[in-house]
Amino acid sequence: MSTTELIREMPQGSGTEPAPGMARVVQPGEVDLTHGVILYLDDITVSFDGFKALNRLSLAIGVGELRCIIGPNGAGKTTMMDVITGKTRPDSGKAFFGQTLDLTRLREPEIAHAGIGRKFQKPTVFEQHTVFENLELAMKTDKRVRKSLFFRLDDAARDKITDTLKLIRLDTVADRPAGLLSHGQKQWLEIGMLLMQEPKLLLLDEPVAGMTDDETMRTAELFVSLAGKHSLMVVEHDMAFVEKLGGKVTVLHEGSVLAEGDLATVQADQRVIEVYLGR
Amino acid sequence: MKRCIALKAVTLALIAAVGQSASAAEDTIKVGILHSLSGTMAISETALKETALMTIADINAHGGVMGKKLEPVIVDPASNWPLFAEKARQLITKDKVAVVFGCWTSVSRKSVLPVFKELNSLLFYPVQYEGEELEKNVFYTGAAPNQQAIPAVEYLMSKDGGEAKRFVLLGTDYVYPRTTNKILRAFLKSKGIADADIMEEYTPFGHSDYQTIIAKIKDFSAQGKKTAVISTINGDSNVPFYKELGNAGLKATEVPVVAFSVGEEELRGVDTKPLVGELAAWNYFMSLKNPQNDAFTKMYKEWAVKNKLPNAETAVTNDPMEATYVGIHMWKQAVEKAKSTDTDKVIAAMSGQTFKAPSGFTLEMDPKNHHLHKPVFIGEVKGNGQFNVVWKTKGPVKAQPWSPFIAGNDKKKDEVVASK
Amino acid sequence: MRTSFTERALVTLSPGGWRALAAFLAVMLMGVPLLHLAVPAGSPLHVSDYVVTLTGKVLCYALVAVAMDLVWGYAGILSLGHGLFFALGGYAFGMYLMRQIGTDGSYHSTLPDFMVFLDWKTLPWYWQGSDHFWWAAFLVLAVPALVAFVFGYFAFQSRIKGVYFSIITQALTYAAMLLFFRNETGFGGNNGFTDFKRILGYSVTAPETRVVLLGVTSLALAGTLVLARWLVTSRFGRVLAAVRDAESRAMFIGYNPLWYKLFIWTLSAALCGIAGALYVPQVGIINPSEMSAAASIEIAVWVAVGGRGSLIGAIVGAIAVNLAKSWFTVSFPQYWLFFLGFLFIAVTLFLPEGLVGLWRRVQAHWAKRGEAMEWPPAPLEETAKPVASTVVPPPVPVVPLTEERPA
Amino acid sequence: MKKLLFALLLACALPAWSALDPAVVHKLADDDSDQKIAAIQQLAQSVDPVAERLLKALSEDGVYVSGDTVFFSEGDKPVDAVTGKVIATPASNDSISINNRVRGVLDGALAGVKLFDPDAAVRLAAARALQEKVTPELIPLLTRAAKAETDAKVAPVIVQLLAQANLKNPDPVARLVAVQALAESASPNTRSLLLPLTDPATEKDDKVRAAAQTSLRAIDGKLAWGENLGRVFTGLSLGSILLLASLGLAITYGVMGVINMAHGELLMVGAYSAYAVQSLFRHYLPGAIDWYLPAAVPVAFFSAAIVGMVMERTVIRWLYGRPLETLLATWGISLILIQGARTLFGAQNVEVANPSWMSGGIALLPNLVLPWNRIVIIGFALSVLLLVWGLMNKTRLGLFVRAVTQNRPMAGCVGVPTQRIDTLAFGLGAGIAGLGGLALSQIANVGPEMGQGYIVDSFLVVVLGGVGQLAGAVYAALGLGIVAKFLEGWAGAVIAKIIVLAIVIVFIQRRPQGLFALKGRFADS
């Protein structure tokens, strides 16, 4: 399905959404994926002091899709992620998760609960906590205060954490404070935390920055294996990595979509070469 | 396990260290000085500490009390009211002082009061206050409202005072101004002043912008009757108030201001030229001319120079300092009369004590109510920061700690009752 | 793997920690009463009433310090308004104590003295019921908690944090101080509440009452310590620290920081209320100056001196600073502010982890020299994590140079 | 009339041997104020220059009695009050003291004498001064002055004075004319004079009462104007004070991110500098005392700046990036500075006088006096603001400061001496605080604790304005000032202050980043 087709299928906001900011707890699994689309962005504009970081951006991601986003600095990639995760409210436009969840009306934790996980450009982990605790905190569970007070880690959860530790190859440093990890290890840990969260959609902002070539390739393999089960949106500059992922590529420029297609097509696009690749 | 033992050892050592009473030599009598040397009240109280030290040194130089030297114990309650109580307890139980001279604000007195009552010790309180209190363990050497506020208002209503018909009661928002103004309102009413002719205004602590209030006073005074301002503005706020007053061109000849908290010490921090003619009511002024005062001011000036007090060359004396001086001397006389520093004996001996004070009058400690009989002076500010006495009572006035202008006080006994 | 609640409560402190706590309680509940009541006043072993009240006061401060550490050390919220909650608790209990005076005041009226001479004929509505101990006890917890909850809800909801939060808490306590200074507010104005006579029918000045109050304070402190310890070692504590260290990460994995912060903030306020309520009968006065900005800053200073992010540190800091203050004000009344000032500078510069950090360093040093076999024993907080100073969120950046910001 | 005759007699008779009536002069030394006042009025009616000198000396507390001789001092020389000749210094002297009532009459008398001064400006000033002191006794004098007056500016003022004096004239026609004439005036004083004339109890004549009502309404309209203008002015002036108090903080905290709890003490350093410079001037340059304030400007700036730089070098430098700990350390510094000032200058407040050119004010409207010190401070705030703006935006230092605060490593890489810039920038902020303190010394206390009173307000201004935004601080300061003043007029000072604090708290909830929020991806990280 092309983006235009997807946009046509865009749900028109129902009249029963909760008021913005209301602490509505979104139950995971509630996401309506009937049209095979997990994320719609429609005509989103965000401006900072008159500067348009996003300019009528429209984008859609299918269920199970692995999408790469590329674009020069200032193209609006991170701002787009901020909009999806509720950190920034768009000046205009719509953002839907599945058919029914209006992302512009939810707060960050609610969006996380709905099933969107995000990895930051700069790896952000809890540096005072051990690697194990980082994963434990991220684990999919009831995250309200009352439950946290009386929470006990059961065996199943422990096993799951151990599995993830192995997957991200941090099992040997499970008890080390995360602040002591190398940059690459932190990237892995953050990915691991994302996996513990069991999101439907993963937003990954430059996930392989600071990784060795070997690690990069492993990451690519991991992502490819995740696709299908999860939907992924990867922002990356590393073209080799993007190529390895092999998904559809969207090029952002000055806050809107410049081109879309597989990597080869995009790289051949004259406009893309002009603004980005050709420099 | 070792930790527990160590902990206990430390605790015991601590208890031993704190608990041991300082075994002083037998030929001294310890007296406590409880004035804030830091914090907001240091501005006023430091001078009282110096006066107390000076008086004690003077007494010691003249043979001490019953042949024993007085040994001052100084503590700093740091303008912190709970700390006042703690320090008072420390002075009495740990240092075993015979008497404490101290406190300035009412709240500090209220804070230490239970301690003095509990431990049956003596406090000499040297500052004018709102009254409504009478305690066996306290001697009040400052003025009660009838020894300061009411004579001042009477003066304002007299011919020389300008025959004021309208009054602005201006104060900082706390107990002393509120109570004083309540008494004054009742008093003014008894003199036939209508409520419409009284304006009451309060400012928060530390208020420093008096523009609006001065404008209000100007407006109020433009209603066709001679207006006077009675100020119970506290401490630091006086300087901005008077500066604003001067700049707004509100002169003493038109709208006089009489203040109850502004004395020589406070005027040191103000440029007095614009204030000439503003009034203050006290029981003592530095400018009084009599042998006792000459000796007192000379002694303090020399003390300031000798002890290198800051700005010693411009050292001044004021009413609470005189009250401190009088209090210490009266206590000395009472101890000598009682031949003991025992609290109850000294209290008994205090009644009717007299002392020729720097105010030029012989002051008497009331036999019943623990307040001094004091003369009242009204002074006008002069250009040099001193006061020119323009009016005074014929003689000392008996204090009425229970003001007759407060409902229900008529039933109260004007004498101390031993606390239960 | 299921463990009972008691079992879990037990592991919140290490065995050494429990022993130390027991020793502390033994001294406070048995040692001090014995030495104060049974040993004659002349004996060098006698604990004077001065020491008893001073200890009680300092323990109240220690309780406040623990409450402060919970929000500052563990949740990264520096409050410059904790004095307000402390004072509110104190006032709530002070109302009860004022009513207990009954007709023994100087006006022999059922109304508190200050109301009599201000011509108030009846009790204001908010004084209703204050003569009942349990209602007062409820207010002690409820008033600070409610104020904290409302204020915290809006502040955290608006994502106010760091220095901004500190400044508005300061404004809050300052506004409250001005309000309480007014006579018309109905809390005795500047003079506050004082001259209490009895509590639950017992004389407040009786040595037995003092000892009991000290015992209750010790128990409250011990209880708070265990509760706080349990909180910070639970998953809740880990989430709190996660929010402190990387709030957006915590949000993006599904934690709503609002409720976490609000919970600890409200709890901390209620604990301060308890401390205030215990403080008032022991020092004998409550007045609005407890709400001054400086008083609240001092609370933060105790925690910093002791060691932020360590519960024992908070207690040690409160005790150390207040004893130093008591000592300096007697020995060097003119210069104690210099000492205090230098102390704070030295601690922040050289002991970023406070006295507890110093202790750990000394310990590590000894351990290296192989002398750790005998002494010192393990610290009370075995698993306490070092709180590096870099944890503090950086100040609000001025003009961030981001890739998406036009030049 | 008798008095006038007597005075005229004196006036005619005395110049021959130029001496005053000893009986009158001796009445000045009487203890009874009534006697003194009578004597002063008699002296004032005479046109003898000695009388004028004597009265002037009396108003300055410079008249003495020694036995039977009454003399006054004139330039340190004793002058006989009767003859006006210099005499030998008498053995003893008792100062003749006067109270407010006497002083009021005396001021009027002196002004009355000056009504005949050859200089028109002096006459105008005297006439203005008399406005508040007119009594029916002055009618003859005023009539004489009105006849003699030629100056177009002075004449109408004297006519008004006469009208005022005639308000108590027993002749209703004279009163009516007077009341009507006074409608032109717009002084609150006239208002208070007219008020009794609207009361049937005091004014029997209907026509006069009606005329008084009309005149009062005219005056009230003019007064209302003054009141509202005054409110705006006081708000502006409070705002400028807040701005001066917080501008330094806007740099140290707003730009550099240092939570400087010792900011109030830097204000104090500036204020004490003013005091020190004033003392030096008093000691060495008493003649130029009025100019101590301009001389104190650099002193205040540099002494505070030096204190600030020392603070930065010794303490704050090690705490960058740890704002909450800076808070505690600087609080320690503030304790030390407070106690230092107390040890150095004493716990008491010290006196910092307004220079004479800053005393008094411009009477824009009769009920609206704009005090000079307020005007000067508003102007001073403006110039300090311009200075800061210029320094931050137009100089290399400002460029470096902005560079360092935005991206320290990068600034270091391109060769900015970051450590020196930190010190200089902090010094600048501290120096500006010193200037603020200098301004505060002109309206408030100068004492060790003075800084504590401004710290909460300063932080509120900076936070409300939006950290890092000088413009924000300006708007916040002026806004807070004006809002506070309007609230104060309506609710009283205490409640106004509480409401302002509440407004700020609520406002920050709504806009957590202040008035001038920076938007962007990292604005709230």
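We call the chains A, B, C and D, going by the order they appear; numbering starts again at 1 in every chain.
Please note the rule applied: a contact is a pair of C-beta atoms (placed from the backbone, for glycine too) under 8 Å apart; a residue touches a chain by one contact, two chains touch by 3 or more.
Only a predicted model underlies this, so the values are computations on that prediction, with no experimental measurement involved.
Counting C-beta pairs in contact, the pair that comes out ahead of the other among A-C and B-D is B-D. When you average the Cα atoms of each chain and compare centres, the chain farthest from subunit B turns out to be A. Averaging C-alpha coordinates per chain places the centre of subunit C 45 Å away from that of subunit D.
If you average the CA atoms of subunit B and of subunit D, the two centres end up 30 Å from each other. The geometric centre of subunit A is 72 Å away from that of subunit B, both derived from CA atoms. Shared contact sites, meaning residues of subunit A that touch two or more other chains, fall at 48-49, 53, 78-79. Counting only residues that touch two or more partner chains, subunit B has 37-38, 173, 202, 204.
Of all residues in subunit C, those touching 2 or more other chains are 157, 178, 181-182, 248, 334, 337, 404-405, listed in ascending order.
Within the complex, the subunit D residues that touch subunit B are 33-34, 60-61, 97, 99-101, 103-104, 107, 132-133, 188-189, 191-196, 223, 227, 230-231, 234, 237-238, 241, 338-339, 342-354, 359-361, 363, 367, 369, 371-374, 442-450, 452-453, 484-485, 488-489, 492-494, 497. Touching subunit C in their complex are the following residues of subunit D: 253-255, 257, 259, 261, 315, 318-319, 321-329, 331-336, 338-340, 343, 402, 405-407, 452, 455-456, 459-460, 463, 467-468, 494, 497-498, 501-502, 504-505, 508-510, 512-513, 518, 520-525. Listed in rising order, the residues of subunit B touching subunit C in the complex are 1-4, 7-8, 11-12, 15-16, 18-20, 37-38, 74-78, 80-83, 85-87, 89-90, 93-94, 105-107, 110-111, 113-115, 118, 132-134, 173-175, 178-179, 182, 202, 204-205, 406-408, 412, 420.
Across the complex, subunit C meets subunit A through its residues 1-3, 8, 157, 231, 234-236, 238-239, 241-242, 245-246, 248-260, 263, 385, 387-388, 391, 403-406.
Within the complex formed with subunit D, the residues of subunit B that make contact are 37-40, 42-43, 46-47, 159-162, 173, 201-204, 206-209, 211-213, 215-216, 218-219, 221-225, 236, 239-240, 243-244, 246-249, 252-254, 256, 265-266, 268-271, 273-274, 277, 279, 309-311, 380, 382-383, 388, 390-391.
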